[in-house]
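In the part that follows, the structures are each spelled out as structure tokens.
What follows is a pair of complexes built around chain A, which joins chain B in one and chain C in the other.
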Partner chain A sequence: MFKKILKAAIAMALVATLGLTGCSNSTPVESKIEAIKKPVVINLEGEDIGYPTPFSHYSRGPGSFKMALIFDSLLERGEKGYIPWLADKWDISTDGLIYTFSLKENVKWQDGTPMTAEDIKFSFDYYTKHPPVSNDLTVDNKSFIQSVEAVDAATVRFKVEKPLSILLGKIGNTRIIPKHIWEKVEDPLKFNTPESAIGTGPFVLKDYNKEQGAYKFEANKDFWGPKPLVDTLQFIPVSDSVLAFDKGEIDLTGNITTDILPKYQNDKEYKVLQNPAFWGYRLIFNMDKRTELKDKDIRQAFAYAIDKNELVEKVARKAAVPGNAGYLPVGHVWFNPNAKNYEYDIEKAKQLLQGKKLSFKLLTSNSNNTSNSNNSNDELRIAELLKISLAKAGIELSINSADTKTRDAAVKKGNYEITLIGHGGWGGDADLLRTAYSQEITSSQSPSTNSIPGYSNDQLNKLFEQQLYEMDAAKRKKIVFKIQELIAEEIPQIPLYNTTGYVVFKPAKFDGWKYMFDHHEVTHNKLSYLDVK
Partner chain B sequence: MNKSSSILKKASEYLLTFLVILTLNFFIPRLMPGDPFIFLSSSEGQVTITYSEEQIAKYKAYYGLDKPMIVQYTSYLANLLQGNIGYSIYYNNSVLSVIGKRVIWTVSIVLAAIFISCLIGTVLGSLSAWYRNGTFDKVLYSFIIAISEIPAFLIGIMFLFILAAKLGWFPLSGGIKTFANYSNSVEKITDILHHAFLPVLTLSIVRLGEFYLLSRNSMIAVLTKDYMRTARAKGLHNKRIIFRHALKNALLPIVTRVFLSLGAVFSGAILVENVFNYPGVGRLMREAVMVRDYVLIQGIFLFVAVTVLTMNLLADIIYRRLDPRVN
Partner chain C sequence: MKYVKHIMIGIKRLTVLGKIGLGVVLMVLFLAVFSDWLALHPYSIPSGDALEAPGAGHWLGTDDLGIDIWAQICFGARISILVGFGTALLAGIGGSIIGIFSGYSGGLTDKLVMRLTDLVIVLPDLPMMIVLGAFFGPSVRNIIIVLALFSWTIPTRIVRSKVLSVKQEKYVEAAMSYGAGFWHLTLRHFLPNILPLVMVSVIRLTSRAIVAEASLAFLGLGDPISKSWGLILNHAINFKGIYFTDYWKWWVVSPITAIMLLVTAIAFISRDMERIINTKA
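And now, the complex of A and B:
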């Protein structure tokens, strides 16, 4: 009995102390100070994308962007173009064969070791032996770097094989890894101890849970560059992005459909951004399989008979822009607004076909790559609408669908007549036109680089070559504009639409979101989390 | 036939089945179109890195996928004999560790769901049989048939929207709170149970119909037996008749079904884990097939095959124990 009373007394005392401390915490002055000091914790939708090193992240999904939070590169992708990062300044020799970078001073690895030009040289040398998952260091399947030299502790010099216009971004975007850690590593694919995730970047990996797909990054207190705006950045698993956002589990969602958009637009608490149109669907003709498609008139008939606005409206629910026949989407830094545009016109399509009745097989995918996305049937929807509108012009489509991997394999082997494919990267360097349209290239390096089977155009090939070797940006831009006009006229493939999804967040909590000049996702941009103007 | 030869026969049956499964596990993923390294497209708004030919060649050599199929097959078997089930191509980790960390989640929800659905299904089935053709039986029968026809993911999504999102009673996803600091293990266990509740509930509802129908049928068969009349004539209490005399005899097919349904519950778990973003093997299996991670697919199916075969074996043994007529 006595024991019971004692226990009750202790419990009451405890409750009383807790209550008191609770009260003292909630005085207005202190809570204000707390609000100022309160660390910024940002939660985002996450999935497992592998251990965030240049070798262990997965090829699918945003792995390379999470890795980039830890690993810096010589240049960074700003809102307008490349900006100085680990390199303060750079110089390209007049013959375009020597690139010299001066490095920022006092850059330290997250373990405290100073970073030097030796680390830069080591990284590039290491990548020639062991290509990272995202490998920028080749052009047409060949390594373009002849040698890398650490001139002094703060200067690196690259000699390249050929004077190509696209190399600065490629060198600049390559992740730098610490020599003192990686020089002992023989098998980088199997190296994923915490040591492997040491970079010079603004964030440090604190926790990673593969099964849950959860990551916890903390701001690197000794970061050399702009101040991190976020103290803790967490990627957590969610089942439904919008539900999780509404419940406050995550701080930004990108899965907003146009139907629920007004709810957020009309509420001052939220801010809505529309992504640039750098993710898109295109229709590829296989002219080896169906030689009729070598006839430009027939391809143009296709272009006229496809109602791109209808696709935007019905499939993308208006969160997209119609594809540009010149390939580069609106919003691309080198988009040419004067390239030919094919307005929906069945009569014109019929004229071009001259009464021919044609039928083709269209290959699409019917499954989705990711587990969390709910737009799995968009390709099939597009295909069905294409079938209807093309039929009006006299072109009959029969739709074959397969799971994504099966479709991709068939496309790679050229085992299709016409295919529909969706991918990102449309904001990249304009050289993507060459890889997407030129028959010369047999390799593939980005999703947009499976060229069109059976198509070759001498004039285009010449222009592609010219822009590749033109070191003067203004002159190169002119050539790229000409290329867009030519491919719009030739129309060897048809860009259908580029998505411009919406992201929603609460600015009161965090308002740092920015786009990279060539990419459609604010959460992928490491500058979003840093105090950069 | 003597006992030892029958055991030998049984053992060789199992061994043969196992070998066939191993072989199928090896060849089927590799015969599917596509390979682990081709990524041309991505799902909407997502990004994908497409490998260059050179990278693909390097990776293929690294994982030994450039060798002839039969060489790969023999080295797979040789490795398996040494207990090495391989290194996942996509996940960059040993298959054992990738699966190992997930198995516990799936096994827990699957076992819990089987237990709950079997218990509730059997009780309801017995009651239905006792009151057969009455209103209670008719209503219950149609209700259970109806809900067991709804696909697992639909039930899951319904629970997710109502119980988790609208009412906020349960977490939306995952198996455990991410980056939580628990003050004690009770708190941790509570959190895990809290997360597991909806997946288990969904799976249980999906399996309920099976056990209900089985126990109802089996009970009806038993209840019409002569010894039931005797029991009733002795003036025994209903409860005692149902659960002591009838159920005990009706239980045989149910016990067998518990073990045999394991495979089916696993496949149900795939859908449910996807809905709740639950970190189990089911979701892993889906992802592994999607990215054509041959080594991991083999590993997962090996795990499933071993589990199902073990359960069959257990069912065999227990059946013999329970029913003296077998043998």
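And now, the complex of A and C:
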């Protein structure tokens, strides 16, 4: 009897479940609509890189791009070149001394105040007094802007001292800050209230947790420009980026090497992009600290004794290209393929050293998480291989390591003998050679502007100046080619390799990722998150 | 001959697990001492292709630079043993001396020393070790010193309480009444009493130090190019997407196995020693 009742009960339960599943099957249309309405939340790997204002962010890519989500500039870096952004049109006078920008209409700050030409004038004036973290407005540590004038509410006019080839990008890339907030601020480094993170940009900072290194941005509903595709953008700390991506904690990972590439490449669920070679490692010689490095033969011996292909194969797991002695990486628009190249040749290195035994201290980082696409131990591994191969030529390296931020600061101050440092920005305008090969320390804090202490070459300096003032692009290109040949011969620093790692994401969730024309990272591109064609 | 007999009797009193533990420790010691002969390849120079799977040429495979992992494990044993026993001896001897002194002197000295041990015990040791390790710079010697600075309190407290009780014994009081000094009492009466206790705590400190060194190295705070077990693990774990490849099977598993084997073996020995010596008595 009891068994019968039990059976009946089970049968009833089964019928009921069937009925329930039937119900849920009959509502696919509704759930689809819900899926469309559901806000797009994108999670990315993050860490603390400072408060996202032009003055407080950390001087590496992940820091400056988070700031750029909030703060707009006159121009923006598109896929092929600069595109109009806050400025609609611009005009350069024939003598190259006057730049006039007409602004877009109806641009509002995130607090509702309209943005005018006064704000632009204010921003540039403010930056001459208080240089921001990425200061683009100086040449040889002097501001090149003579005056900024707000002609009317929608027109700004810049007067410069001399016609320079690089001005449009430099002015265009400068972040605009609201006058009504910043005019009262005396010390911008200490100004970290929520008010300080008000810009005209497509995203609003909702939450910043310094201890966790977490950021939360939400789409700016009143954004003047293209519609944001992402409603919430979050940066969360993860221990292993690939693992976190696999578990769905983050929506994109840049830490893909050739070892695990097949797993994603052959799966339709994933999309793979290969980064351009605009992030790289270089070995900088401090000739102030070790004057024997002023000897070109010794520097060339270093170059011959380093097996760049081995580094690419072992440390970068083939997701990189060997560095060029002429600095500009393969893929740079002005890369000169004819510059001298140093093939690995221990015998030649020994000849150049003439039996000298040298020993140097090499400073590296031991926790390089400050670039999304690069993992922590690469610099130590490179250092270990350098130590082994240089020892064969008779150069002894002792390796000192510090965490990235300490190391970056030491390098800025010139506190090292030789340093191994990885950073982005290798795809920028060829004028970057001027900052990377001068001995002057620029006011910009970015590691890509690190110069070579104690190095100065008259011929090179003259060429740098020439290309700076050459307005004709074809002629300028010729000069830049010559510069590359010269620095390849002189080799005052050694570019080791440029990473070309892979980025993986699920297009079904979000498929907006795009590259900027001169940058290695899709997540650093503001346009990735916006509806731009 | 007499000592050998003592040791043989001691070993006989160990349990099976204790004997296995002793065997493992001796084996690791053997590896550490004879690593130059046991490893076919150098521990710091690439000897094969990157990430070769374990095979005839490379028993435990190679790492990303092509360096033989078996050679690194052998050499890493040297660092682990050095750090483990170095720290334990330094902390054991230093801590015992402080403990005897404190227990013998009594009064204000005793109070001061005990409050100092309270202070060191209360300090969270791993964070402090990270700070001190970063401050003094990463080298094996500094790691031993820093670890010893945080481990001396355990032997100190045990030794002090024992000395306090031994001091009450009639024969010690008698010796004192005949004018025996600190050194005489220490050598003749205190040391024989505290030696077994110190030995047990030294063994405990050893495994603690080995784990601490491995964790510091794992966190990237050790000597960046030494080949300690923790550092091998650190490099392996930081390899991009290691868990989606086969490499973890030899590159991660080998150092973890080595650390676990050694620490477990020492734990077995220390358990048996405690039983034999009977610390509660």
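Methods note: the second predicted complex is superposed on the first by the 358 of 533 C-alpha atoms of A that agree within 3 Å, B and C clash if a C-alpha of one lies under 4 Å from a C-alpha of the other, contacts with A are read in each partner's own complex, and residues count from 1 in each chain.
Simple rule for what comes next: a contact is a pair of C-beta atoms (placed from the backbone, for glycine too) under 8 Å apart; a residue touches a chain by one contact, two chains touch by 3 or more.
This is a predicted model, so every value here is computed, not measured.
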Just chain B (first), just chain C (second), both, or neither: which does A:S56 touch? first
Please indicate which partner A:N192 is in contact with in the superposed arrangement: first for chain B, second for chain C, both, or neither. first
On the A-aligned overlay, A:E313 touches which partner chain: chain B = first, chain C = second, or both, or neither? second
According to the stated criteria, A:L243 is in contact with first (chain B), second (chain C), both, or neither; which is it? both
Chain C versus chain B, contacts on chain A by residue: B
Touching A:R157, do we find chain B (first), chain C (second), both, or neither? neither
After superposition on chain A, the chain A residues reached by both chain B and chain C are 240, 243, 246, 367, 375-376
Note which residues of chain A are touching chain C in the complex, please. 240-243, 246, 255-257, 259-260, 263, 313-315, 317, 364, 366-367, 375-377, 380-381, 383-385, 387-388, 399, 401
Chain B - residues contacting chain A, complex: 32-35, 38-55, 58, 62, 87, 90-93, 98, 101-102, 105, 160-161, 164-165, 168, 172-176, 178-179, 274-277, 279, 283, 286-287, 290-292
The residues of chain A that touch chain B in their complex are 48, 50-51, 55-56, 58-62, 64, 131, 133-135, 138, 141, 189-190, 192, 207, 209-214, 216, 234, 236-240, 243-244, 246-247, 249, 254, 275, 279, 365, 367-373, 375-376, 378, 402-412, 421-425, 442-447, 449-450, 499, 501, 520-521, 524
Can you list the chain C residues touching chain A in their complex? 44-46, 50, 64-66, 138, 220, 224-225, 234-235, 237-241, 243-245, 247
